[in-house]
Each structure stands twice: as C-alpha cells, then as structure tokens.
Amino acid sequence: DALDRITKEKVLRVAVPQDFPPFGSVGPDLKPLGYDIDTANLIGKELGAKVELVPVSSSNRIPYLTTGKVDLVISSLGKNAEREKVIDFSAAYAPFFNGVFGPEASTVEKAEDLNGKTVGVTRGSVEDIELSKIVSDKVTVRRYEDNNGTISAFLSGQVELVATGNVVAAAIIERNPPRLPILKFLIKNSPCFIGLNKDEGPLLEKVNAILAKAKADGSLSAISKKWLGTPLSKDL
Amino acid sequence: MYNFTLWDILSNLLLAARWTVLLSAIAFVCGGIAGVLVLLARVAPLRPLQTAMKLYIELFQGTPLLMQLFIVFFALPLTGIETSPWTAAAVALTLFTSAYLAEIWRGCVEAVPRGQWEASASLAMSYGEQMRYVVLPQALRIAVPPTVGFSVQVVKGTAVTSIIGFVEVTKAGTMITNATFQPFLVYGLVGLIYFALCYPLSLSAKALERKLNVAR
Amino acid sequence: MAYRFDFSSLADYTPVLVQGVATTVGLTLIGGVLGVGIGIAGAAARSSGNAPVRFAVGSYVELIRNTPFLVQLFFIFFGLPSLGVRLPEWQAAVLAMVINLGAYATEIIRAGIDATPKGQIEAGASLGMTGPQIFRYIILGPAMGKIWPALTSQIIIVMLGSSVCSQIAVEELSFAANFIQSRNFRPFEVYFLATALYLALAIALRWLLARLGDRMFRGGARV
Amino acid sequence: MSLADQSVSPSARPLVKLSNIRKSFGSVEVLKGVDMAVQEGQVVAMIGRSGSGKSTLLRSINGLERIDDGVIEVDGECVDPSQIDLRALRLKVGMVFQQFNLFPHLTAGENVMLALKVVKKQDKAACRAAAEAALSKVGLGHKFDAYPSQLSGGQQQRVAIARSLAMAPKVLLCDEITSALDPELVNEVLSVVRQLAEEGMTLLLVTHEMRFAREVCDSLVFMHGGRIIEHGPPAELFDRPQTPELAQFVGMVEAR
Amino acid sequence: MSLADQSVSPSARPLVKLSNIRKSFGSVEVLKGVDMAVQEGQVVAMIGRSGSGKSTLLRSINGLERIDDGVIEVDGECVDPSQIDLRALRLKVGMVFQQFNLFPHLTAGENVMLALKVVKKQDKAACRAAAEAALSKVGLGHKFDAYPSQLSGGQQQRVAIARSLAMAPKVLLCDEITSALDPELVNEVLSVVRQLAEEGMTLLLVTHEMRFAREVCDSLVFMHGGRIIEHGPPAELFDRPQTPELAQFVGMVEAR
C-alpha cells in the first residue's frame, strides 16, 4: 500500500496549491510556500520521507490523487459528502471559512442580495459547490479554472464579488491590491483536511497520528501563527 | 509578503522559458520521428495501414490539444498507465505534432512527380529503395520551409501544458500575475517572450521558402 | 488498477454539455465570420494600401501568429482592464478568436490574392473598373475559392483552440468537461466524451464549410 | 512626314493621336518618342520584332502603362501623362489581350455584363440585352451560361472581344490576340476581327499574322527599338521596305 | 498471320512476346487483346493516334500498368498478370520516358549509378566505371557532375537513356522520348537511339518521328483503338496501307 511505498522509497508526494495564499503561493523564486507546504513538510519529516511538492489547482487536485499522481492532497481541501464518496479525509489541520467578498462600496449582505450580480468562484472548490446551493438563477456565477483566475477576475473588475476563503481574502488585502475584498456574508465554515485515496487505512492512521501529535506539541499552531497570524483554535 | 521587481518578473519568466524551449524541442524531435513513421505508413501501398493513419491524423487534428492533454494526464492513469506532467506533456505534444507533420510531409511526398516513381520503378528499385533514394530526398527539400513554419505552432502549443500544472512561460506568467497583480505587464512580457522565440522561426521559414522558389 | 467505465453518471449533466457545445459552436460562428471579415479587409489593405497601413497590418499579423492564443486571451481578459477596457468573458473570448483568426485569414487570403493572374486585373482596369471594384468583383471570388480549404482548416483550428477559453470562465465545451469532472470525479469518461464531441464538431464543420465553399465559389473553382 | 498627315484627308480629326510618347522601365528606354494617329474607322496593324515596344505602346494608350512624357489624345480629349483620368480614357478605349484574361469565376454572359453593371450602372435587363447582342456578334450567343473553362481557346478569345465590344469603345486595341491559340482556332477569331473592321470599328492591332494584316488593314506601322520607323499601306511596306530593318523583318516573317 | 511469324526466321525465339494483353481503366477497355513479338536485336516502332493505347501497352511491358489478362514473356520467362515478379522483369526491361524523369537531386553520374548501387549492389568503383561508360556512349562523359537542371532537354534525355543502358537491359522501351524537346534538340537524341539500333540493342519505340521510324526501324506496328491493326516493314506500311485507318493516319502525319 501507499504507506509501505512511502517508507520504502522515502518519498512523499503531496499536492499543494500555488495560487492560494497563504496556504500556498510562490515567492520571487517561484518556489511554493505557505501553510499547506509547511504542513506537508511536517508530515514528511515525521514519516522520514523527502517531500515532493506537486502544485495543483482546485479543480484538479482530486484527480491528481485518484489517478495516483500524489499520495496526499494538502491543499486547503474542505470536506463534503460528494468528495467523501471518492476519497478519504484525515483530521482537520487548518481553520477555514468561506464567504462572499466584495469591495467596500458594495451593499450585499445576504445570498438574496446577489441577485443580478456577478460572482466569481473557483471551479470545483467548496465555495463553488456551497454557493451553487444557496443562490438563485438570477445570480451570474463565473467559475474559473483556478484561484489565479478568480483573484485576477476580481482584481481586474471582471467580477463584482468573489466567493472565497477568509484567508485568501486576507492575503489579497495584505498585498495592497487595487480593489479590497471585504467580507459580505459567510457561506460555510469548512476547515481544511488532508485528502487520501480510499483503502489506504495505514497511511490514514499514520497521518492522523502525526496531526494529533503536532496539535499537542504546538508545531501545527506555530504554522498557523506564521501564516494566519493567530494560533490554532482549540476546537480543531 | 514578497515584492517582485520588474527584474524578478522577467528573470522568472525567462527561466520558465527554458522549459518552453525544452518542451518544444522534445515535442518537435519526438513528433518528427513519430511523424516520419506515420507518414511512411500513411503513404505505404497498404490500404488498411493508410486508413488507420488517416484516422490517426483526423483524430489528432480534429480534437483540441487541451483535451488530448487532459486525457493523457488525468484519464490514462485510471487505466493503469502512470503519467507525470512531463510525460503527459511530452506524449500529448508528440502525438499532436506527429499528426500535423505527417500531413504536411505527405503533401511534400505527393508533390514529388509521379514520373520519379515510375522512373525508379523501371530501374527495378523496390518500394523502400524508391522512398529512400529518390522520393524522400526530394520531398525533404520541399518540406523544410513548412516544417520550420510548423515549429512555431509547436512552440505556441506548449502554452496549453500550463493547464496541467506545467510551469513553463504561460504558467509562470499566471503565477506571477497572482503574486504581483500586474496582468497587463506580465502577460505583455509573456507575449513578447513567445514572439522572440517564434518570430525568428517564422522569418527563416519565409526565407527558406523564397530560396526554394528561386532555386526551382 | 482495474477501472470500471461508467458513462451513466454523465446523463445528469446533459444540459451542461449541451450548453457547452452550443457555446463552442456560437463562439466559432461569430469568431469565424468576423475573423474572415477581418482577413478580407486585412488582405485588401496589405495588398493595396499605403506603406504605413501595410506595415501596421503586417505587424498585427506577425504579432498574433507568433504568440499563443492562450496568452492573447489572458492579455485581453486580465491585462486590458488595467487600461480601462473591461470586456465580459465571452466578449473577450470572441475578440481573441476574431483577432487570432483575422491574422491567419489575412495571410491565407493574401496568398490567394497574390495568385490572381495580373492579366485579370488589367482586363478589369481596361474595362474602366476602379480598384475597389476590381477587388470586389474580380479578385476576391476566385481567391477565396482557391484558399477556401486552407481557410477551413484554420477555422477548425480556431474552433479547437477555443477550448482554452474555459480558462477565463467561458462556459464552452471544455469548461463543461472540467465542470463535470470536478463534480462527478470521472475524468476519463468526461474527457473522452468531450473529445469525441470536438471531433464530431470538427468533422461537421469541415463538411459544412466544404458545402458552403462549393456553393459560394462554384465558378471560382473552375480555373 | 508625320504619320497623321499621311493616310487621311487633312480635315478629318484623328480619333487617337499620340505625340512624342516616351516610356522607360528603370534605366531602359522602351519607347523613344512615338508619334502616331489613327482616324475613325481605320484599321491599323503594328508589327515589329519581339521587344520593339509594341505591347508597351498599346498598353500606354489605355493607361495600363504610365507614360513618362508625351501626349495621348483620344476622341479630342487630351490626356497628359501626369494626371490622366484613366476611367474616362478606358471607357473610350477597349482592349483585348493575348491571354484572353476572362474572369474564370463568371460565365461568358457574366463576363460581358460585369462592367456594364458596375461601371456603366446599367440595369439588369439592359446589361443582359447588351451582353446577348455582343456574344451573338462573335457567334457565341448560345454559350451565354458557359464558364470559360468549358470553352475552347478560340471561343474564350471571342468572349473577350465581346466583353470589350459591349462597352461600346471608340477604338479597340488588340495585342497579339491569336498568339496563344492552337493554329486551327486562329481563323475563327480573325474572322470576327475582320467583320468588326468591315463594320467600321476603329482597330489598332499588334499581330504576327502577316497575311491577315495585308488583307484587312488600312495601314501598317513598323516598330523598331522603341520607334516607328516605317508606316503606310500594307502592300507598299511589304513589297518596298525602305529600311534594312523592315526588309530583314519581312524576310524573316515570310520564311516561316 | 500472327506477328510473331512474320518478320523473323521460325527458329528464333522472340525476346518479348505479348499474348492477348487486355487492360481496362475503370469501364474503358484500352487494350483489347494485343499480340506481339519482338526478336532479339529488332527495332520496332509503334505508331498510332493519341489515345490508341501505345503508352499503356509499353508501360504494361515493364509492369508500370498491371494488365487484366494475357501473358507477357520476356527472355523466355513467362510472367502472368496476377503475380508478376516486377523486379526480375524490370531488370530485363529498361524504359525511357517522354519527360526524362531524371532525379533532380542527383548529378548525371549519380543518376546513372543509383540503381547500379542499390539494385545491383555493385561496388563503388564498378558503378562509377559503368556510369562513365554509359554517359560516354551518349556523348555526355564530360557532364558526369552536372545536375539535371544544368543540362539542356536533349542532354537530360540522353542521361536518361544512359541511366537505363547502364542496367544492361535486354530490351529498351522508349515512349515518345523526343516529344518534350525543342525541335533543334530532337536530333541529338535520335542519333543516340540510331547508334543503339546499329549496335544491335533490342528497341521498342513509340514515336511520332515518321522519317526516323522509316529509316531506323525493322518493323512498324500501327495501333488503333486498343488493337494492333497493321504491322510490317515501315516502307510497306507507309506506302501501301491496308486499312483506311492507317491510310488516314499516314495522310495526317504527312500533311504536317
């Protein structure tokens, strides 16, 4: 199984985002960095394996896993029933909630206010699936291939509002963009989980054990502090 | 977070351009070799082989490179064939390139006058010998300009591999855009880099064509 | 890994696919007509206009032909808004396709125009026809007839190339495919079907354009 | 002796009058000052070696070549080289080419009607009537709907003549219009030209058909090295050439 | 009377023997049962109208056309239409074409050497010697390194003849080998053929050069509508045609 392979070859392949700060983005050297990357390195270290980071987009991270291109998806992945049919999830490793964000001037306060407006979202993300459930067909939803597209579309004004994660919005604001994404309303609280292929019981147990240990010894909290600015909350 | 200077942007794009060049080279070389094989089968005096190659060419010229990439990258693994972005990009670009090159070259083989086939046949040469010594050398000469011209399409075709996460110029451009919020600048530079790669190829294709026409 | 193919789960997404096909067809139609229009105008300008016009058209053609469509699309959609030009995604897609096809069509049609025997033009002139009249009634028809197959191939390439418009959220066929596979997690079936649909579209388009060409340039074909 | 004086009564005004026409291609002077006059109803043949400038002169007369110096006068209107009103000129001067130059995408009838429609702006019925008349005149009334590719060379050339005729030009220029034809097809075209001549059409022909020139033309013009060096009635020129050049040319032609 | 009996002693075995050759293109029968025999050393000319099947017959003899029925026998080996060993056949039968068909990417010498090298697998020195000999024979020893584009039409055709000769065929087929040449170049090619005939080469020629046929050939074959309808010594056929078709053909040719 996968755990055997990892311990034997000493290589852990992890799908990480590179378009989703602060979970994953790139520095001037185009190397991935962020919460998810640090988490991947943490797990790799515990497994005694070298971490091979595979940058993915939100719409293809699950195919990467199911087609065996990676062992784990640590890519700010939220849990939902549809996904649980296809893959397994570890314990949560990071907080995350989704909302609809827009410029200061926008008066949107709830899902109904979106009628007649255009909202950008990343295709296949939790926001996409949740937003699709709550809005009427008077809302135009634009689905982009990856967060790069969604963010660019918002910043260039191609869409008025975006549905995305709190942390993404925070990261955008931090970079002093031309348009500030301000939270308009919450869609869903959906912490991040590590995704694994089904029937990989031993690996799942091992990952959960590592996460439990990291939560207990504060190393995960340190990552949270570094990237989100706050320590990990107790309820995770 | 991090600040990208113009130099950071440009140097990253140029570094990524190495992969564009490398991918193009692989696609062109492998596609060229595969293209020759497809061509030989396409013009061989064997009906079933001809038909099969006709379908092959129709298939790869009739579907988007993007879809070919997706199938190789995401779909093949489900049947048990492992594909990394490298192999997927190389395989898809090779198939795509071979189909187009085979078709271009078939035109060149057919441009060799029938009389050349007949003269060599009446010298008792076999099909293989006719191809090897009489037809291909002539077709090759005609084929140089359109082949160089097509290499431009290959270079541009590599842009699509960005979509399966391959970090070549276009992907690097997307990533940098997200870190800098300067799409106009970044995509403008990306376009210029492609232009710098492709335009010399276009120019030499034109020059070669002129030379060929004068020589005739 | 034994894989069980299951196309049944695609049935739920029929409307998405239909809408994807319709969008692809629509984009191709508009892009094709306008692109060929630009091609005709560009070719006319390039073979008769004054030097600055010729240079401008030449630069446009070379610039477009030597950069990838995807980059052109990104530039128009993400880049132009910084200049205050903000186009909705489908307009950006159509614009990119038109600009792209226009450049190739200019080059193709110009080759057809260059192949017009000089004597035809002189015959027209000696009948008292003006430059534009000669272009419209004598040069254009046979030139289009001659290059129609090349133009057909280019239109099909543009149709296939429109698949990358999914990157800016245009809901065409490959968007539909990506959308579905991100919901049902069955990439093989989805991409297989989408590819087959593209192939069918390409074959149908080639057939249609051949018929159209026969009809429009019937006389021109007899040279 | 100027050509204008020679073959005509002094009172008649020439339909075409060329004075001191000069034309160079790059540094090569191809027409070195040509004077010539064609009276209404006259049939003039131009002969001369290959390269002597016959085609260039003919093409200048309807503005296909821009002349460097000299004056072209057609039907009393003087057109100076710098600002020739080509359209007006061309409405008066028809031209038939060696290579027919029919429009391949149009039928014979459409070939004839095109300029009537777009240049003369005649209505559909008038165009059709004129085209039918012109085609009938050259004996091709029944080929109205045939495409050029379906016609023999001789028939194509006759359509080309009809196309020019339909525009009702004052003078018709013909540049070696039988040279591209198979020998058996030459006569059908020549007989059309002969008929036009008999009907009083003003014709200026470049031709290598010496027998035809002798029989049909009123006047012959011999060009050599960009100049007209002899002119006069055909019989006279053929039988008593004044210059060694013409003597040699006549000898060469008769030997064939 | 069968052709095989006629012009030769009964004991000699024909080098080429055709029996009942039939060939259709689609539904059109182009060869309708042709019998013919060519003895060793004989020079036979085929004449006949365009479309009468001369080229098709010639091309059948070295397998460029696949025959539908009949037997081709060359040098005693019978080749039946269904499974002709083309290579063996073609080693015995050389062919020269109207359009020369030299390989443009090879020099004259390389043109001649190519088949010696790849088909006969001769070594380099032997190839070169044979090529030089063949080119000298056609008077082009000094053009060994010239490319076809640097040669006149007549020279190209002579290289083509040398190329066939170097393979030492038993019989040489020539299909209107002077038709694509300018008139002044025809003779240099004909004189090469004449010399071959004198040296005893077996030749089967399609030609429109009637004077040449008359002087050089032992036997003349007149094809009409896919059949051989007359054959015999040239003088006899020309002077006393037996069929109205040949009489008409002779009349037509002489008139030119």
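Letters are used for the chains, namely A, B, C, D and E, taken in the order the chains are written, and counting of residues starts over at 1 for each.
The working rule: contacts are C-beta pairs under 8 Å (C-beta built on N, C-alpha and C of every residue); 3 or more make two chains touch, one makes a residue touch a chain.
As the structure is a prediction and not an experimental result, all values here were calculated from the model.
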Worksheet entry | Target chain D, source chain B, minimum contact steps | 2
Discussion item. Over the chains that touch one another, what is the least number of steps taking chain A to chain E?
Written reply: 2
Worksheet item: Cut chain C out of the contact graph: what components remain?
Response: A, B, E | D
Worksheet item: Looking at every pair of chains, which has the largest contact count?
Response: B-C
Item to complete: Give the label of the chain whose average Cα location is farthest from that of chain B.
Response: D
Worksheet, complete the sentence: Copy-to-copy rotation (chain D on chain E, CA atoms, range 0 to 180, rounded to a multiple of 5 degrees) logged as 170
Worksheet item: How far is the middle of chain A from the middle of chain C, if each middle is the mean of its Cα atoms, in Å?
Response: 38
Worksheet entry | Whole-Å gap separating chain B and chain C, where each centre is the average of the chain's CA atoms | 20
Worksheet item: What whole-number Å value describes the gap between the mean CA coordinates of chain C and chain D?
Response: 47
Response to the item:
Expected list for chain D, residues touching two or more other chains, is none
Worksheet, complete the sentence: Flagged in chain A as touching 2+ other chains are 60, 63, 66-68, 145, 152, 156
Discussion item. Can you list every residue of chain C that touches 2 or more other chains, as numbers and ranges?
Written reply: 1, 78, 81-82, 167, 181, 187
Discussion item. Per the touch rule above, enumerate the chain pairs that touch, sorted by label.
Written reply: A-B, A-C, B-C, B-E, C-D
Discussion item. Going by the contact rule set out above, which residues of chain A touch chain C in the complex?
Written reply: 59-60, 62-63, 66-68, 82, 86, 120, 123-124, 128-129, 142-145, 149, 152-153, 156-158
Worksheet entry | Touch list for chain B against partner chain E, complex | 113, 115-116, 118-126, 129, 132-134, 137-138, 141
Worksheet entry | Interface residues, chain C side, partner chain D - complex | 117, 119-120, 122-130, 133, 137-138, 141-142, 145, 217, 219-220, 222-223
Worksheet item: In their complex, what parts of chain C are in touch with chain B?
Response: 1-3, 62-63, 65-72, 74-75, 78-83, 156, 160-161, 163-164, 167, 174, 177, 181, 187-188, 191-192, 194-195, 198-199, 202-203
Worksheet item: Okay, in this complex, where on chain C does chain A touch?
Response: 1, 77-78, 81-82, 86, 88-89, 166-169, 171, 175, 178-179, 181-183, 185, 187
